[in-house]
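Each structure below is given as structure tokens.
What follows is chain A paired twice: with chain B in the first complex and chain C in the second.
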Partner chain A sequence: MTEATLKADPKGVLTGVHFIDGDHAACEGALAAGCRFVAGYPITPSTEIVERFAARIPKVGGVFIQMEDELAASIAIQGGVWAGHKVMNVTSGPGLSLMMEHLGYAAMTETPCVWVDVQRGGPSTGLPTLPAQADMMQVKWGSHGDYEIIALSPNSPQECFDLMIKAFNLSEEYRCPVFLMMDEVVGHMTERVNIPPADQIEITDRKWTKKKPGEYKAYATTSDDLVPEMVKAGDGYRIHVTGLTHDERGYPAMDVPNQAKLIPRLLNKIRNNTEQLLDVRMDGCDDADVIVMSFGITSRVATAAIEAARAKGLKVGNLRLIICWPFPVKLIQQLAEKVKAFVVPELNMGQMVLEVRRAVEGKVKVISIPHPGGTVHEPETILEQIIEAAR
Partner chain B sequence: MNTEIRFSGFGGQGIIRCALITGKALSLYDDKFATMTQAFGPEARGSACSAQLVVSDEKVLYPYITAPAVLMALSQEAYEKYHGEVIEGGTLIVDADLVKTREEHPGRTLWKVPATRFAEELGNRMFTNLVALGFFAAVTGVVSDAAMKQALPGLVPDRFLKINIKAFEKGYMHGLEVTKLDTAEVPAA
Partner chain C sequence: MSESLDLRLALAETELENPVLPYLRQDRIPHIWCPGCGIGSVVTSFAEAVRRSKLDRDKIAVVSGIGCTGRVAGYVDFDSMHTTHGRAIPVATGLHLANPDLKVVVFSGDGDLTGIGGNHFIHAARRNMNLTVICVNNFTYGMTGGQVTPTTPSGANASTTPYGNYEYPFSLPFLADAAGATYIARWTSLHSRNVTQSIEEALKHKGFSFVEVISPCTTLYLRRNRLGDGVDTLQYYQDNSILKHGADTRETAIDFQGKMLVGKFVERQKPTYLDAVNATCAKLIGDDYQLYGKTPPEKEAEKKAAAKGKKKAAK
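After this line comes the complex of A and B, so read on.
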């Protein structure tokens, strides 16, 4: 990889120990990561993120604009990227549904940006103030055409800060939309958050080209590195950015050969790096009979259930996804060789469990613990299914 | 072992602030883990107001409260709504002038603190929550008074910091006095 690693700009880093909620911590993570432009159309339960950003950004040095709707918000941020800024798009399910066209645009134009989805109960306007994890498939498949994104799932305000920085860094490294998949509980729960000094926060710089105008092609890549170099408007480069299928110069080239070259590259720049993009927490998985796979707020409740199951003498592994997309297929396949069953609690009616089933190909039992959302699972519900799975 | 606390009252009494101050004191200065949640939905509209705190020596896994050991109720409505959920051995703290307690609470300790009256004596009833918090810290021992005072800057306006500390101390001293008088009623746990 050729991107430069920098230290965070101290202006955006609120170093110290705080007692703040996940939304506020996410905002501080974005500021620490170098986000200096947000165009927002606020929606519960994500509102506090942009509210804080709007209050903080004049002092840090940047811009917040309240837009007229979600379409405008999700495309204005991409203009900000091509003007050279790091940007974030903040919303919840109903807003995200309206933004799907521009998700595809960001993927197609390889515009590095972070999308925050503070998930609430759906579909439609659903449960504005209550949690769900039911947008997991939407972010992966919601826009039309073939594309890849990266998605991270924090389970505490501290992780809203930490993973926000990681999300920004990954978006620069891979030049794709990166999602921070929060939920209403994590967004609104208040806990201790430690923000380190700026010189301890590593920031991935944009992959700026060193080529001169005239030599530079906006979408030229090599077989070793599928991520093109970038420029910004106003630096003397003539660039063309389009959602149409384009050639190496970025010009529309709507034909079979260019489609056949572009689309596999957009997918493979992520798919070829699934090992580097593996980020999970594993505890007790080596000799487990049953593995509980979870993410986000559910991983905390699942941990309570796992501890209770272990107290009963059961061998239960705890597998928590930090990066949910790309899904860790190989890891699940390796674990499937050793365990009797997977148990998958999630605050939806069974989404990521489909990925587990797809990976294990029927070799072991996969038990879904769905939940329509509005609250979290009771640990006892998960415990019952662990006991059932261990039989 | 978790200790679950519910702060409740009506909007404007500084109920959410009570939970923020206590949570900050515990997790930043008392070396505990504290997770605070509050209702955001339709149930949070109107007069009732509640904030919840789960306190533990380890990381809190389940974010909501299910069996509160301490209830602070600064309004009649809050008392009516929540007094039944306090666990055996638990503690109820109500405002002596604003809440009429209708019944005995067998197995629980009931404290009545004239928080609003004390705050008015200090010059403004907006300090009611700090008087109640001082009393809460003294009678429950869940959080240290030093940590609570340390937590105040940033959570109360700078120009009111001194008077808020004074309000906290008033409640705290009153709490120490009544527990000395009434040791038999202090729960063992």
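After this line comes the complex of A and C, so read on.
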């Protein structure tokens, strides 16, 4: 990849040790990553992120606006990107549902932006103040048409900060929407958060073109690099950005050849890099009989269950997804050669477990531990299933 | 050889260029608009207004949503965004706030702007966001085949009101005025010079400026309502437009084939959204506040001095 790596702008970095919740830490991560424009719309349990941004940004140098609804918020940020800013979109389930069309717009126009979903129980208004992990499939499949996104899942306030920066960097590298899939518990849990000095935070710059107006084609790519270079409005390039199927110039080109060229590229710029986008934490997976795969807040409960199972002498691996999308199919397939079973607890009625089943193709047992949301699993529930799986 | 042909040949030799052409993406012409449609006239007026305004065209961005008027962004040679249905104004808001040096212009039809996008329209006006919004109002959803819109006059026929429209329409100047817009004008596509002048004024206006242009949809609205062709409609505009600058916007409703008030209805000064952000934060936060999108007066003076020095050096 050719993106320039910079150091964080110290103006946005609140270096030091803090005792803050995940929402506040996520906001600090965004500021450290260089986010200077947010168009928000309040929704529980994500509101603290935009509230903190509204309070902090006037002193950092940037602007916040509370829009009239989520439709406006999720597209106003994209206007902000095309004028040169790094931006973030903050919401929870019902808001996310309203934003789906603009997820597609960001994917189609290759607008780098970070989407934060502090998940709560659904469907519909559901459980506004209580956790879930039930939007995992929505972010992947919720907008119409074929598209790819990247999604990260933090399990602590510290990770809300760290992974937010990573999310921003990935959005610039791949020019796609990147999700930070928080949940109500992680968002409202207060822990120690260490914010390093600005010069220790690496920032991926936008993939600005060096070409001159006239030479530059907005969506031209090469076979080695499927991510086009970018410009911003006001620099004389007279770019055209459209959600219609477009050609290399960015002009509408609604025909079969252009669709056949554009859509595979949008997918392959992510899919071809699935290996580079592998980010998991593995513990004791090498000689495990059973692997528990989890992500986000559930990984903390799973860890307690795994430790209890190990105390009983069982060989249990702990696999935690940091990047959930793209899903690490290959890794799961490799592990499936060695283990008896996978156990997949998640705060939904069985979403990411479908990906595990798809990967293992029936070779080993895959046990889903669903939960309708509202609280986290009991470690005992997971332990029971581990014992069952190890039989 | 006839005299008129001589004249045409002579004109061809002088290589006069259409003054609008440099403002169009000529590699995208021909456009999709129907013969007799008014959108092209409004685009011509816009191009002429930009030329006259002497604004730096590379600091102008054009945003549109979906629909026939939504295609304007694709034809004009500016930084342009063709967005989702109804959301041109939020995109424009994002562009403007992220780079306040840009003059952002929204081109939108009546269905896009006041139906699906109505909420954004009133809120941008309420905030006095520094945007120019041009609405080509042809009383119909043209792209999808002539459905009823929020501005279709009561009684008019549309494909989704095949027995006549039984709803009450919006009067857009009244709506914009009530919501807080600080510049409001209405013309028809017949009034091309007035449209040009109003767009030029709107471009220079600080705050939310709104120009409505009543325009014929020959293929759908006119045909469905048996109103003849584009020329018949221009005649209707000629006979039924009543010029009234400063008119009370409560009187600007349009009945089916009725009289229409046209003119500049509203022009007032009020702090823009960003002015208000800066004023409030500067007052309450004090020295820690980073003035946004505006150079502090002392830096402005420095910049001017530097520019003067450069000019002198160039001489």
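Just so it is clear, the second predicted complex is superposed on the first by the 391 of 391 C-alpha atoms of A that agree within 3 Å, B and C clash if a C-alpha of one lies under 4 Å from a C-alpha of the other, contacts with A are read in each partner's own complex, and residues count from 1 in each chain.
One rule holds for everything that comes next: a residue touches a chain if its C-beta (ideal position, glycine included) is under 8 Å from a C-beta of that chain, and two chains touch if they have at least 3 such contacts.
What you see is a predicted model; the values in this text were computed from it and never measured.
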item: Which partner, chain B or chain C, touches more chain A residues; value: C
item: Partner chain in contact with A:Leu244 - chain B first, chain C second, else both or neither; value: second
item: First, second, both or neither for A:His85, with chain B first and chain C second; value: second
item: Touching partner for A:Gly296 - first (chain B), second (chain C), both, neither; value: neither
item: First, second, both or neither for A:Val376, with chain B first and chain C second; value: first
item: Which superposed partner A:Thr129 touches (first chain B, second chain C, both, neither); value: first
item: Set of chain A residues, in rising order, touched by both chain B and chain C; value: none
item: Contacting residues of chain B [partner chain A, same complex]; value: 19-20, 23-24, 27-28, 33-38, 40-41, 44, 60-64, 151
item: Touching residues on chain A, where the partner in the complex is chain B; value: 17, 19, 44-45, 127-130, 184-185, 188-192, 297, 300-301, 303-304, 307, 375-376, 379
item: Chain C residues within the chain A interface of the complex; value: 25, 27-28, 58-59, 61, 63, 73-74, 77-84, 86-87, 89-99, 101-102, 119-120, 123, 273-274, 277, 281, 285, 288-290, 292-293
item: Chain C partner contacts - residues on chain A that touch it in the complex; value: 37, 39, 58-63, 65, 67-69, 71-73, 75-85, 87, 101-102, 105, 232-244, 251-252
